[in-house]
């Protein structure tokens, strides 16, 4: 009978039901590396709550490598008592009490990258321990993997062991693979993990090539390395664009905004393009020393809403031209677009060249995919007039950001939103967009007519990010498949 | 004794006896993607019969992804009752009644590309179900393959399971692999399948490079991707030319003619070069909105006869020069040749540059392979005078095509052929060629003398396709081996 | 005790004791492909004896693909009775009676390249059958290999099965792998085979690039293909130079000399460079239609002696410059050197550019390896004066060659050698060189002093090949290791 | 209870406790190849003690290939009695008596590269034999590996067998993998070996490209080959820089200094850059014919102290520009930096171009990694003033070196150090540096202020190596993780 039938329904979902939009939060590695301890975690969590970051969606506190001191005789990892004198369970409880989830780190190898004990061969014991501590999230690295790589099957089999172990605990834990894109996980990781790094480690540089990050493409990269710049990582994304999906996100690595190696406009590019590509947004700086300008970047609700859109797709790079290199030898401009779940379209005009550029986005380029996807009928998008909203127009002022950082952020109550601030705990981004909340829409700066072109002057190492919203005429078909 | 000897005879054959010439038909994906239902399939089949397409050889109706709603408790797939309220078996029966065969889709993974249930691990149940429904053809995709790729052996072993399951049903089902050329199936797929995709998915563009289709060669392509243009796919073929053979065809993907993204002459290139390369010819547009011009392309019997030639070889690209790029940055001209089973030779002068070109095909280039294949004796082809027939000269007029689309195609009876129309159900292409049927030969436009050159002016983004037929002097040797 | 010790002695040897110098003979494929029969083999053998080719060392008659008609009920291959009405055993016996050894062909796949039954899974039965027929040599191809490739281990394991089966018969059979260099056999094949193809199939062209032969390097070539030119194959050799050794030769494929696709000087290059690189020398043309000029190329004893030198090393390409391309777009010059077992050095100045060149070989370049191999002491070679012999100076005249082809070659008795002719059956090349036989030394054309340079004018698409012989001063150390 | 807990402590360590800094010593291969015997080893050891090399740290005498004569009936290797008439055990004892450790060679294949018996399949017997002889070090090659490569797992599994066998003997033996970087051991070898070759074999050339060394990058090199120049090997290091660590060193191959193929300044580059990259330093020339100039290179304590620094990191190539090629077609300049364990920084300005260059190192480039590693706080290094010491300024004079080579080196007692000489047996490099020993510091040539630049004129094919030492202001944080 029908009630004996078990159906699998496609669409927004994941292998374990978690992480339908990209995870957001904070991770200590980029700023602190191994200098971790419970005070850092708890102070950071308290600051993030105070500064409104938690209620913007940054709700994971992730402890990275170097937290253990070894395995005990029973085979369980032991936290370093000097760094975590209260014990990890207590730290997790207190982080939970502040309204956050808690993440930890290990490696699918015999050692972690910092040469602490790894989880390869200890998956069940480690997953059970983390579950017993109340952990919500595991970042799982790839160092010292005993050569168990080189074909997708070897990597899949190795990473699946931990996936199964986490599932077997019965506790919901987001599984964040960190195998740097080795063996091209884009066709196999969706069924065992919630996100997957697709590059070697980021470093705090906009576009400087570094010999330690030898690949310029994600696919077939035999040595992901580290010291990969923002532009290096960004340009590895287009080939794998279709392999970002609800429940599995291509992780471009943690954010460097605030670490001092880039200009303000470069950090805006970094944050915007991570958001455009549905990358996890994990703050990677010292919250305690955050500048007003950097808080204003992390706190742009219009950009976060783009990142957290339920369509869960990465952006498409429609064109890229190599022009006008800077002192690193690099120079390019590009157009990126991404469709939103409600039919909006977001475009980014990225100027990574050395001088200001007048940049154009034509309707034909913006809606290329609609035009070429069986377009025996003219796509409605090309017959639509679109309003254009600048998503950075309402960037929080330094004065306002300073006020928040100085503890005067009294307006951050649960139900308060302003053109510059938003509380997603109180009102979801989806609902806010449906209500035309100005904090999510920025400022209307123009319209595009059918067959028209949108133009904007974009400064050196800057980006313009615009949400196109159809004037109320057509009904836009959604794509629900690859 | 001799009668105990089982002999294997080489030549035109396939591992399962099917598909000795490339399959032809219609597939819904390019135009409709997941928007499928039984009405679409049945209406399309009726239109194809009415418009003469069925009798030109387009006799498979292939239903692509998104038809199921899950697996039932017995482990069998269940069709989506909203899309197929009559049940799939009934749909198949009615398609059969219209004179067509019926094809379906699944993936050699745990999910299809649209994230419906896949067949990996369920091969026997799925093959049995399809056989019970009367299915004649399986397109078998590569999404969500659990990392079972990376060496030819991993892909071979995975695809062989379904091959064996289909064979075990006892029903004839063409097995169309769709692994995008991963792990270079050109040396291993012939023994388990009837065709194999050799590229990422096509999109409706003549030659625009797209970052989502990163490879320009078929061999060793680690990320076939999608959004591959006609010219991108075409130029992946020459290296693997020898691995097209009777019973196993390199599938260049479904035709975009009619979907609006290319000019009329570009669609002529697309259709001609797919035919030249013995690719399956699967119409990928909405038959119900087909324009007269596009019907005239799909309905050229002279080009279809070339595609369906029993020699079952792909064309050889004799030369290629990069010249005169257009706005996409691409520009090239090339000469392609293909030997026919009856000793004819077909040549294509392809102008994918930005301006009209006077193009030349010398006898030395046309017959290069004959000259260099142990040519201690001068090949007879170089001592022959050839008549040259333009295979597009008899293209159906828009008036005639309109008449057919308007239901006035009363001349399409079984035994009627004209210079523009052909009924292959009544008279095979082989017999038609033997009778010098004008619908298959086009119009004679010249001759080539020994050591001569054929020249033609070819417009931008166009192709000239010519059948060379020997004047009755020599007897041409056929090659029957690799 | 000592007499219980089994010692392994390095040096000139092979895994099965066979083929210490490169095999020589004739193979039907290049000229006849599948058009084979017993008359062709026997007539060819008789002609080769008559024309002196057998006594120059061409003593294998190798029957390539398409000889079988299937497997019988006992699992044994059956020869095609129309092609071999006397039965294969009888053909082998008669070839033996003419003073030749007999070679056959199969594939390490389920089908041969011509789609006849292959030996994968039938290795023991097939090896036993060949041994029972008296076969001396197996060429073992790579078509239809069921995906058993992609790592060296997969190819090694597959090819080893036949190696073991041949050994188990107890009959000496040279094992000639033909896997086109797939999976880089250069580190693993020496222990299981006597030679190994290192490229896709040759075609009769000097340097024309062809899309069907996509690789320009042997290493990591995922698609060896076919239609590889002489220059393409030649330039794949330098990287793997060290992996030619006594008992295992890198096989550059069968010779095209005589097939009509190249000029006389291009054929001289082809033959000379195959000899320089210790490639097997298998004549690939129709012996019955051999021209005097081509017989003169195949019959140059000075070049054959170079090929058959017991040092069994390939040549080193000391330099290569890209210059002056011809109509194919290719143009280059290069210097190649090879050390001989007796301390001689052979150099080749190759002009594959479009015009005549004055070319130089300096002592520093010729003896680069001696200079850089721990040269804390100045190598004796650089302190030596060398006599220079032109190895093509005594090329047989067309008159003399015509006389031989016309059956007037009465001087070809066992003990006759002249400046142009040699009988290696009567006097080994090693002994001839020790005796300063003029047929092996060519003509002295100069000397090179210490720190000197040898110069020669080399015509377009030609090569000068010179043997350097030390004037009787120093004693040259031989290298006996990798 | 706590005393049941077994802790793993990260930091300076190795899988077997050995080789925490790079091994130093002598290996016969580069100069003598297979021409080995006991006299050579013992004479060399005596000379190395006499010339002060042993007490500079060169304390391994490594016997390379060609020492055996086969396996005996019990399966044990037997030393060649002609080369080692005293027996290997006796040789080892006498080398030990001279104050050295003893190393030997085998291959993870069925034959060594010189085609003597290999250890694949005989690991236990061979390790036991070596332990019984008192061997301290095994160089383990990759020839004739039966195709057991092609994925990291295949190579890891093969090399691990010997690692386990060596451990099982109970004797401390350094395990020096020599698989030429095949299958990218950089992520897997640290847990099974003490060093690993990362390139094909060196030859005595500064920068001449050779077709037999086809790769220019270490990663993914399918054919490491041999005849790799100093500059070729050096430039393969930056991508894998992070995979040098205490206990596992990327081995750049043995030193050619003294073999005559390079100029004095080129040898200085060779030695300096090997030291900068924490490569093993194995002298590869004939000690008996060492020139004063070459002894002065091998004997620079300031460079050796850099190599032996406990931080055990490789240098970082901060920039590289291609300029001004020489006659080989190669020309480049580059800046390399390396952090020391005590907070010093060493920089190398390398001029591999064809003319003298004024070269600059800015503070921003030198401390790039500090600036970009979470630099929300300005790194103290950029606020520090640094003293600059030229590490080649105190190079031993030819007169002094001659005196030592002539046996007049009476000042080489255990406790004597001078500005040019050092006895590390008596005073460790670490203690010497702590004491500001002038032999380790060279000569102060300047200072760099915060945000300053250091400039130096560097001659063609030369290098300047400078130790930067902070003026006593800041306390520099050490990094203890990857």
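Which chain is which? They are A, B, C and D, in the order written, and residues in each are numbered from 1.
To be clear about the criterion, contacts are C-beta pairs under 8 Å (C-beta built on N, C-alpha and C of every residue); 3 or more make two chains touch, one makes a residue touch a chain.
Being a predicted model, the structure only gives us computed values, none of them experimental.
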- Task: Using the touch definition from the top, list the chains contacting both subunit C and subunit D.
- Result: none
- Same residues or different residues: which describes how subunit A and subunit B meet, taking over half shared numbers as same? different
- Task: Could you pull out the chain whose C-alpha mean position is farthest off from that of subunit B?
- Result: D
- Message: For subunit B versus subunit D, what separation do you get between their C-alpha means, in angstrom?
- Response: 59
- Taking each chain's centre as the mean of its CA atoms, how far is subunit A from subunit D in angstrom? 42
- Residues of subunit C that touch two or more other chains sit at 150-151, 154
- All pairs of touching chains, each written as two labels joined by a dash: A-B, A-D, B-C, C-D
- Message: For the complex, give me every residue of subunit A touching subunit B.
- Response: 4-11, 13, 150-157, 183-188, 190-191, 217, 219-220, 238-242, 245, 316-317, 320, 369, 371-378, 479-482
- Task: Spell out the residues on subunit B that touch subunit A in their complex, using ranges where they run on.
- Result: 30-34, 65-66, 69-73, 78, 110-111, 113-117, 142-151, 154, 203-205, 211-212, 214, 222-223, 225-227, 258-261, 284-286, 289
